[in-house]
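What follows is a pair of complexes built around chain A, which joins chain B in one and chain C in the other.
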Partner chain A sequence: MAGSPLRESWGEWIDRHSGTFFIAPAVTLILIFAIFPTFYSLVFAMSRVRFTGDGLKFRFVGFRNFAKQFFGNDQVHFLGRTEPVSILGMLVFAVIVVSVLVWLYRSRKITTWVGMLGRTVSAAMAIFLAWVLGASLLSGNSIGTIYTTLFYVIVGCGIQFVIGTGLAFLCSQPISGKNFFRVIFFIPLMVTPLGVGYAMKMVADVTKGPFEPLLSVIGLENWVWSVDPWSARFVMMVGDSWQWIPFIFICMLAALENVPRDHVEAAQVDGASSIQIFREITWPQIVPVAVTVLLIRAVEAFKIVDLPNIMTGGGPGSSTESMTLHSLYVWRANDIGTSAAIAYLLLILTVILCASFFNYVVIGQLRRAKE
Partner chain B sequence: MPIRNNLLGLVVGASALAGHSPAAMAGEFDGVTVNILTRPGYVIAGRLAERGVEFEAATGGKIVVTEVPFAEIFPKIQQDWSTGTNSIDVGVFAAGWGVELDASGLLEDLDPYVAADDKIDLDDIAPYFREFGQKVGGKTKLLMVDGDFQMVYYRKDVLENAGLEPPKTWEDYLDVASQIHGQDMNGDGEADFGSCIFKKRNAQSYFAVQTFAAPIVQTQGTGQGFHFDSATMKPIVNNDGWKKAFELYKETGKYGPPEELNMDIGDTRAIFKAGRCGLLVEWGDPGPLQLDDDATAVKGLIYAVAAVGSREVLDRETGKLVPVTSENAPHAVDGINYAPFAAFGGWAGAINKKADQKKKDAAYAFLSYMNQAEQSSVDVTIGATGYNPYRLSQLASPDLFVEAGMPQELAENYIGAINAALNSLNMASDMKIPGAANYTGVVLDTELARYLAGEVTVEEALENIEAGWEEITEDFGRDEQIEAQGLALGTGN
Partner chain C sequence: MSDASYKFEKSGRTLMEQLFEPPAVGKMSLVAKIVAYTFLAIWSVFVLFPIYWVIITSFKDAAAVNQGPFYIPFVDFQPNLDAWRAQFNTDLHCDLSSILRQLYLLVHNSFVFVVSPVISLTPMEPQICKIYLAFTNSVVISIASTILCVTVGSMAAYALARIQYKPKFGNILVFVALIVAVIFATTYAGIPWWASSAVALALFFFLVRSIGRYFRMALGNGDILFWIISQRILPPIVVVIPVYVMFQAVGLLDTHLALIVLYAVANLPIVVWLMHDFFASLPIELEESAQLDGATRLGIFWEIVLPLTRPGLAATTLLILVLNWNEYLFAVFIATVKVQTMPIMVAAKNAGEKGVFWWEMCAVIVVMIIPVILMAILLTKFISRGVLQGAMKG
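== the complex of A and B ==
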């Protein structure tokens, strides 16, 4: 084919860079709306910010906004009360530290220096969280927003995973009306979190709510969940689980329905019990999906804010306040610097915990599934 | 909701606008929309919207009222006006918050508008609200729509049946509450509560604890203040005076509703109207609120005392409590130091300096309309509006409230309590310095909530408040805050 050399080279150049052209708009948007604000917020996190008639006025304060969460007057709010430390707290802390250090020592033979660096960061976070756990919760002291958040993430995701997977398993069985239940179970996920918050507030009202007669029958007519820290956190988790179990349910249902029927039928022919079939055939095939779903759910759970904001305003005290809600309240007071610092601490916590979970659990399960 | 009062208000208001107001020329504000931001619910916002309809009918100016949660009012206005968004033309908020906005040059100077307004009659506004509430740095920057004091209310019938006197000190308050707690006060067969105080975090709980602290900490008159040492702006909060106030405040929870820590002002108002509260710490609203159709259980039974005092006061030198004497508390009566707390200072409207001139004109005309006696003297008699008396003509005699349906004796008690608070030489003023919303609405509120929930001890809470207040003072500049505090308390230049 004849053509000018200029046109050919132009066409070739376009072809050669077509991938860049296609991806450029998305990359630009991400840079503008995600990456740039993330770095710009670091400026806020290291400043005291005041609103003036001429706009925002910054005063650089270094890491002071971060430091006060650990050592200043926000320490109890963020970490919880860490004194006095009980013997149980010290023992658990010591056991965790030794375990983590042994794990780290053994890791040096099976990973690269980059992997070793990552494991050191994970180990440092584990030791820090173990110290806070031992000094606060296990010593009978109040916990701060960091462990309230972890409570929502770890216990909440655990409960949601067990119930969601159980419901998915039931709906994957050949029972009548299962399509109806699938739709019913999925509905809460479509409700806005604000709606869930207000609905749960009405449902959990101990004086006028639907459970008031039941509470009276069992002698709990004077029980008020909203004034006790743990019952308030528990009710919060009930609301959160009501909304998010459907997410686990729908993902796990898809995974369960992808398990080849011939494997299951072969096991049945060989006389395997239902429990054996689930343990030996079904579970190994759905575990990659399960850990991935848990990871996604955990990332989302770290950001819980609507329910405690609506149901208790973070109270009693600050006992239902997650780190996101803490950041929101500080931001609402126009203390933008401290708010950004708390948001960064949440980002660091989320990234390290989720990356650790991904590296040491998800990837392992995916490798095992391939084998 | 007392419908007759609303209708009366609408008729009176419409005729006032149509006939007299200088801003009432038909069509003067055609096509102008004034956006107002304030708190949620009918209280405060509802009446603004209703009066806005009258205003639009008379002048063509449209009033749009946007409601946000209480804790978001100030930051939203500050962000909107500072960053040049300017989606809000008028903010209706605590009078004391205006000083911070004015320090940033965000408030329109209303003096020229007032000078041309022959309807507003500023001399009729009680001096405290006119000088403290409406003025910043000697210039009128806000117009009141409400006047606020926190008082103690009691069920006259319940106390009389129990042979008890209304409390004079906070110890008396606890004693009365303990004796009437558990009684059936509304005849429904259920045990009711000795004391009701809204204690929910991020709401308005932190005002009531200041009502407890004021008579213990402030002894030398309004100019002394009870939050800071005015000369140094060092907080005077980490001491035995505030400690006692915190402990007394927490103690009231023993005689309150079980869910009191999660109750906002609307929740406590609902239960006191249902006849379930023997004692109540509140603003001026319960007086007229008991006339509402849904308050038949307490109609004519809720009486007020201007202030509850203390027999011990803070020695600021030592940080310890000492018995009241004529030297350390010259305003004390019968060995009790009283310091009625002008909590919140009243709701007031301020205009965004950067708004268009036409909008500013319409905004001022509307705020003036709300403030004028013809309207406000109706609004303050309706409990649900959230507006309390702030004009001398409203406080001169009980007639206004008798006409609204209050029994003569109750109206005299109600007006008498407000007048006693307003005329007290030791009246405790709310903060009116830059950062006021943060000092109390964030730092004090958070630590108080954590103390009430048992997360921190009272000593830790007070230490944290002291540190938090110092941080805010440093942010705004200590010298600037000292000057602002002097102006706020009337002791500076």
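== the complex of A and C ==
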């Protein structure tokens, strides 16, 4: 009614379609540089790709690039050595399979068929991971890049969460110099991951690093962490924790400061000990933030690449290679199809694990917090 | 509360009570205080020591690095500026004006790129002073991509907070099907990418206009928001291989533009997530009254909404700036020679034939991390004022 379309000026036309103009750039960018490549990557993963004079040549090979990771000659690199299987491995595998199936059976009443589908996918992933765990790690065999990545995610998140929350708890106490500590503790998160890698490499150097005198005092002057897979992975975790504890710290500090002070003080007056106060009052209030922060941290942790690339170059052997690094090295060897397949497996792993954690843990906690 | 009663309480406490009982509600006992400060001090040392080590290593010479650990400058070893001189003096063209030359080159080359379909000019080659080249590249790329990312992201976030969208589920399926068709046509049938995507785009608009009205199921704003945020889960390694090929097809490999756009997309989810929270918490009445006064959407956004969210906008911008400055994986693939950023330059220092010159590398690392440490200190100011708290609540 505001004038006929003929008399409408440019400005009015733009204003009428402002909804489109506001969201179109973001959606277009994501479609071109995230969604399209994700689909395109699947073509790479299902082809043998060659660089030729006039561009790329694709030859369709089906799921061979994927199958190679599970059954073929890349199996040891990706999954780890899976035989011989020990009794312990079989036992743990059986226990996990049974409990997952029980969980799946019991959840059939409380969810819709879509939820059931999701739970089946999660259960399948859990059973697969349990099999790899039982066959490689628990049977004393070497683990592949998939479990190295999971080690980084699970152990890294665990260490970082405990220490980060502990520091945040200390900083939320009535102490002076709070702002100083806040600034100091925040810095590592912002330092370039690559710089962290080199700094850690220098600090952890066993012959010229700062801890060399300490090592010779405790009689470890000939010990080299980068030769043993597990010590190399743990050193990697130290570097990763150095960088990421600040993130947990900042988020948990914000959550802890949001806990109403009068509840805590009332409990103190009633004579509750600090442990009781933490368990009964503080913890239930920060759990929703805690699981959200863990989810965000886990999402980022799946992408770890800089630290192992720099500190060990994936070595010894391939024992500190994360899946991203594995893919990067395969790309460097000009095997683009396999590289894309590994990247896709990482995507599947990340999406299923993060979505499971989000659906079964985070949503429940957030809902409980709202009530 | 008088002074006297306080004194009385204090003197009436036994030694054990003085040590373990807090003197008042909201205070800490002596032992708890000592324990807390010990832990905090230990952690501060743990945090600061690697940075300290990098800084002092940059002032060491080869002997001081290779003959074992030396900790304190002037006591253990004599600091010198060799590593710094090696960065800033030995290369050709290494004076401050090379920054200006590099910036001019950028403008020139962007102009060349824009007019390249019409006129063919030769792009300028960068001059060889690695640290200035890398530093300028890093600055230009991270600032440009931050601006792009924050602009696009906050516009989308605002729209999602205020305007109702109802994309039809069927249309999305059509779009996905067309993407798959384009991919198959280009890779296996050999049709040029521009032809197939143009056809697909035209087909999409045609299909949406014609059969789109029969679709019923629609998504809401919450779904779009979740979709954008969930892009953060996507590991960059999945997209970087196809993106490399895409940029190669349009001749944008190893250019600033490629990295700017890629970084912007990678950080878009964070911007949308953080900014959506700020916009949603604004009172809607202001905008409604402005709308009654005849302001346009863009006017409202620019003149009313953005100034109100200035602290949040600043914090988000800083965060994205730091993330862009630190990015490594995309740069490894896309930036091969000309647009080396600081992280790539540091990594390149690792591959010397005579072993790694740790002192030189440390000098570059210091140059690389000084800006981010300054930004980190600025950012903590915002965080301690509670600017990002809303988003942290999840």
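Quick note on the criterion: the second predicted complex is superposed on the first by the 351 of 371 C-alpha atoms of A that agree within 3 Å, B and C clash if a C-alpha of one lies under 4 Å from a C-alpha of the other, contacts with A are read in each partner's own complex, and residues count from 1 in each chain.
Note that contacts are C-beta pairs under 8 Å (C-beta built on N, C-alpha and C of every residue); 3 or more make two chains touch, one makes a residue touch a chain.
Worth saying up front: this structure is predicted, and the values here are computed from it rather than measured.
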| item | value |
| --- | --- |
| Partner chain(s) touched by A:A340 [first = chain B, second = chain C, both, neither] | second |
| Contacts of A:L56 with chain B and chain C, given as first, second, both or neither | both |
| Partner chain(s) touched by A:F186 [first = chain B, second = chain C, both, neither] | second |
| Touched partner set for A:H77, first chain B, second chain C, both or neither | first |
| Partner, of chain C and chain B, that touches more residues belonging to chain A | C |
| Which superposed partner A:G315 touches (first chain B, second chain C, both, neither) | first |
| Touched partner set for A:P174, first chain B, second chain C, both or neither | second |
| Residues of chain A contacting chain B in one complex and chain C in the other | 55-56, 207 |
| Chain A to chain C touching residues, read off their complex | 11, 14-15, 18-19, 21-23, 25-27, 29-30, 33-41, 43-44, 47, 55-56, 58, 60, 166-167, 170-171, 173-175, 179, 181-196, 198-200, 202-203, 207-213, 242, 250-251, 254-255, 258, 261, 265, 268-269, 274, 288-289, 292-293, 299, 302-303, 305-306, 310, 323-324, 327-328, 331, 336, 339-340, 343-344, 346-347, 350-351, 354, 362, 366 |
| Touching residues on chain C, where the partner in the complex is chain A | 22, 25-28, 32-33, 36-37, 39-40, 43-44, 46-51, 53-54, 57, 65-69, 71, 152-153, 155-156, 158-160, 163, 165, 176, 179-180, 183-184, 187-188, 224, 228, 231-243, 245-246, 248-249, 261-262, 264-265, 268, 272, 296-298, 301, 322, 325-326, 328-329, 332, 342-343, 346-347, 350, 358, 361-362, 365, 368-369, 372-373, 375-377, 379-380, 383-384, 386, 388-389, 392-394 |
| For the chain B and chain A complex, residues of the former touching the latter | 71-72, 74-75, 78-79, 82-84, 104-106, 200-203, 258-262, 437-438, 441-442, 446, 449-456, 460, 463-464, 467-468, 471, 475-476 |
| Chain B-touching residues of chain A, taken from the complex the two chains share | 48, 50-53, 55-56, 59, 72-73, 76-77, 81, 142, 206-207, 222, 224, 226-227, 229, 312-319, 329-330, 332-335 |
